[in-house]
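Listed below are the structures to be examined.
Shared chain: chain A. Partners: chain B in the first complex, chain C in the second.
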Partner chain A sequence: MGEAQIAKKTLLGMVPADSPFYRFHPVGRMALLIFLSVTPLFIDMPEVNLGLILVTLGLLWWGRVRMQQVRRYLPLLVTVAIFMFGVAFLAPGNRTALTPIRSVGATFYFEPMWWAFVSYCRLIAMLFGAILYFSTNRERDTLVALRSLGVPFAVSYVAALSLRSAGMFMEDFKTIREAQQARGLDLESLSVVEKAKLYTMYTVPLFAVALRRADEISNALFAKGYTLSGRPAGGGRRTDYLRAQYPVRARDWAVSVGLVGAFALVAALSKTTGVFSDHLSPLRAVVVGMVAAR
Partner chain B sequence: MRLAVEVERFSWRCPFAQRDALREVSLAIPAGEFTLVVGPNEAGKTTLMLAIKGIIPHSLAGRHDGTVRVFGEPVAQKNAAVLARQVGYVFGDPDAQFTALTVEEEILFGLENVGVPTSEIGARIRRASELTMISDLLDKPPYDISGGEKQRVAIASVLAMDPEILILDEPTSMIDPLGKDLIVDICGSLKRDRRMTVIVVEHNVEAFAPLADRVVLVRDGRIEREGAPRTFFDDVESLIDCGVYPPQVTQVFARLQRRGLYAGPLPLTDEEGVAAGTRLLQGAGRWR
Partner chain C sequence: MSVPRTASVGPSGEAVWATERGERRQPGIVHVVMLALFIGIGIVVGTLGSLAVPIGFVSAFWPGQAVQAVGGVWFGWWGVLAGMFFPFISNALSGSAPLPVSAAYLPANFLQSFLAGAAFRWLRVDPRLQTSRDWFVWVVIGVLLANFLGAFWGTYVLTWFGMITASARPTALLGWFFGNSVPSLIFGSILLKYVSPMVLRSKAFAKGWWA
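For the complex of A and B:
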């Protein structure tokens, strides 16, 4: 089978087929996604979110994801940082109620900068959680997880079709752009305004192609006997070969329930006790002390 | 003789069209027969196939008269799952029919739709992928493979459903010569080993004519001519006028016939051509 057995093509790259992640059922991996990507929403304390980022990086390494693959996201991290801290610096809010910090010839305000840092840590933790999931899972894994959780076939199928359509949309976009370049369009020589106009023009052929594809897929679904109810002819339950290939063992349920339970616990503690509030952050205490000493 | 397909005075007009795409077409295809459908572009070949598959009138809006029957029952009265079991359809553009994210899922999608038991699905996937030589592609996305492989995946996904009738709409139009040979070989084995009713719409008649039991010419929404290949390709000139090019070897011997140099039956294959040529030269005393 060649490459197919050595490495799996995931949504964000290639991962060895013997990655330890594949010892777990897709449901367990989806529970991990929920834990790593949604939990930070309930955590303001940056140390905890930084800890989650380290855990995620550790899992990426453990899961044998190539770190070069992860390094591709560094420019994104820098861009998000520039944007978030830039906004906090340029538009800090009601300045009279804020604590000013004079540094490198400019005035910063502690509270918006701190909140930008808190939000940044949370966002990056969520992002790494998603990167881990999409780097180690294929579309099929997502489908199996959804179906194992009892999501109706039609819903999981529409989700899969959407994933496929996103890929097709990018392919169509590339084809149209290459056709324009083949007819002498030099993108390098265009100004930003001209490029913006060009991108608006892309919508017409892309829309036309999308309509045609929708028509074709509708005919193909009919040709393969698909009905909106998803039920086979003669009634009864639809067979699910894919799901049958991935039996959920007791261990998988234990992992999934454990992760979802941990997420629920964090959410409950955050809402009821405020234990993850940034005001309880030791780092904040240190920074506040440094600001006061200036 | 059991009829697989009966088309009776069938007409079809798309919404807002000026004229009918099909005009009172009548056609009967016996079960187990290999039919080659030829004709110029926009003649109505694909429309006729869509009507046999039931996509017309189930999925495409328009006005129709007449009846299309599959195994004696009108397709308009059959639902998608029943039609999927009886009539397999391979679209001209394989990309247009892929609905799943891997080749394996593409094949099993139809099987789940028609209610094939899970225990049987694995064996069906294996059989169809072996016949079409795509066993090593099962894990790959169908949009990430070559044109010839895509076409074979499309055929496998239909064959796995074990239909009684298989329609292939221009199956070699987007692939290289080697890929074409593979498709022709697959069609040959379907005819030889499975005795399946196969209908192929194709411009490349050279490859499919030797397999065909009958050739049908569609032109301007009508069936202009039909018959066994040997008689169908007899009138080479009028076929070329209609935009249909008989096999080259047939054309060469037709020219010889016109010049009075050859009087035998027109050959359809290269082998028949070599045999006829040998006889011709021996008769002229130029061959030892």
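For the complex of A and C:
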């Protein structure tokens, strides 16, 4: 029999509590989100973005995230690729100004197809950055990161409660569906339209639950003396439990500043020198050579 | 006594938005909590909707717009804020758009959340959709206009990020418009018709923009 493991429930699944990610403060993990999911915006060179995707996959593996969690994005990666390359093929733009490539009985145009590839690599790199963050962080980690960065109480509270409530509503959604299945609902036998109709009907009880929950949570906060400003109703300063519980060490600051600094450096280099332009891509040179040789 | 149903300005609509003599309304913790919970619902509805019928970056079925529209109607600016920010998370979770693209969608999400709320308040429309006038304002402004403007900006963002070519924009605009409008019309109408009576009785309902 396998050994029982303590796991943390993140927004996208479960991660072992001894994952190396948890050796770093949530502020550092948020800095990693910024680095991985925003940096590709400044990079057109597909090799660099493909490298970032590999780094992110490596981090998911290193962080002991179940790859099954990530595999469910596979159909999406395929449909997005079909969509982008399909659009570039069907509506390439002004054909007279483009380089035609005749292959498999059809005419493709190099420039829109290449740009679709560049954009696809960039978007997938950005998406994987966000998937890594939501796979390895709980809503509490987001709250700790925001509080440690000094974000006002109301803003950090709303952000954390939003993520928490998404998890709660997901559970409610499952409960409603299981109740229907217990009464004989057979999801397999339903058509897509019937499933869509059913899905619409799920949301009415979800909203009713939300209204009741809003009352309960606001009454609880009021009873505990919380105000919109985050200061106690009687004046003075409230002890910041989370900041006291999760101190940011020098190593965490170094990691966070390093990641945000690396992001700023890439953005500045991209804007001033164009070093990440797709025109400097070795892959592009190879493809252009192949097109010219045809 | 039943509420008379007329095609002119709905008396029930006037009653919903009018403040009583001596009635004081100000934002409180319940609105902040409702904002957070509404973002949570939006995340669930938006994520499941995008995953249900994914066609690249233009979902053929995105009921999230219905949540945006009814949020603005019921909770004023709190609902508009929720409608602007929940797509950041739901798009990332469903894989339909990364964070920078969601940031670029903000004006579209603002319009999709704000227009129905503004129309209902300015034209004194009953959120329970009691009269033909209520339905007209909801369908024309809350669904068709909001989604057209949202699709117009959204497809501009798709072109900007290289996800579609400029010549594919009209087709993508139509796809976006119908992909949002149809579920929004069905799903939003059900929510307004059946959930509004509960919301109108709750503390979180905003007669004005903030409370």
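Throughout what follows, the second predicted complex is superposed on the first by the 229 of 294 C-alpha atoms of A that agree within 3 Å, B and C clash if a C-alpha of one lies under 4 Å from a C-alpha of the other, contacts with A are read in each partner's own complex, and residues count from 1 in each chain.
Basically, contacts are C-beta pairs under 8 Å (C-beta built on N, C-alpha and C of every residue); 3 or more make two chains touch, one makes a residue touch a chain.
Just so we're clear, the structure is a prediction, and the values are computed from it rather than from any experiment.
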Which of chain B and chain C A:236 touches, first, second, both or neither: first
Which superposed partner A:222 touches (first chain B, second chain C, both, neither): both
Contacts of A:140 with chain B and chain C, given as first, second, both or neither: first
First, second, both or neither for A:210, with chain B first and chain C second: second
Partner chain in contact with A:123 - chain B first, chain C second, else both or neither: second
Chain B versus chain C as contact partner of A:244, first or second or both or neither: first
Which superposed partner A:82 touches (first chain B, second chain C, both, neither): second
Superposition-derived comparison: chain B or chain C, residues of chain A touched: C
Partner chain in contact with A:11 - chain B first, chain C second, else both or neither: second
Intersection of the chain A residues that touch chain B with those that touch chain C: 161, 163-164, 168, 213, 217-218, 221-222, 226-227
In the complex with chain A, residue positions of chain B that touch it: 50, 53-55, 58-60, 79-85, 89, 91, 93, 96-102, 105, 108-118, 121-122, 136, 138-141, 143, 157, 161
For the chain A and chain B complex, residues of the former touching the latter: 1-2, 4, 8-9, 138-140, 143, 160-161, 163-164, 167-168, 171, 213, 216-227, 232-234, 236, 238-242, 244
Sites on chain A touched by chain C in the complex: 11-12, 37-38, 41, 73, 75-77, 79-80, 82-84, 87-88, 90-94, 112, 115-116, 118-119, 122-123, 126-127, 129-131, 134, 154, 157-159, 161-166, 168-170, 173, 192, 195-196, 199-201, 203-204, 206-208, 210-211, 213-215, 217-218, 221-222, 226-228
Chain A partner contacts - residues on chain C that touch it in the complex: 27-30, 32-41, 43-45, 48-49, 51-58, 61, 63, 85-86, 89, 92-96, 98-101, 161-168, 171-172, 183, 186-187, 190-191, 194-195, 198-199, 202-204
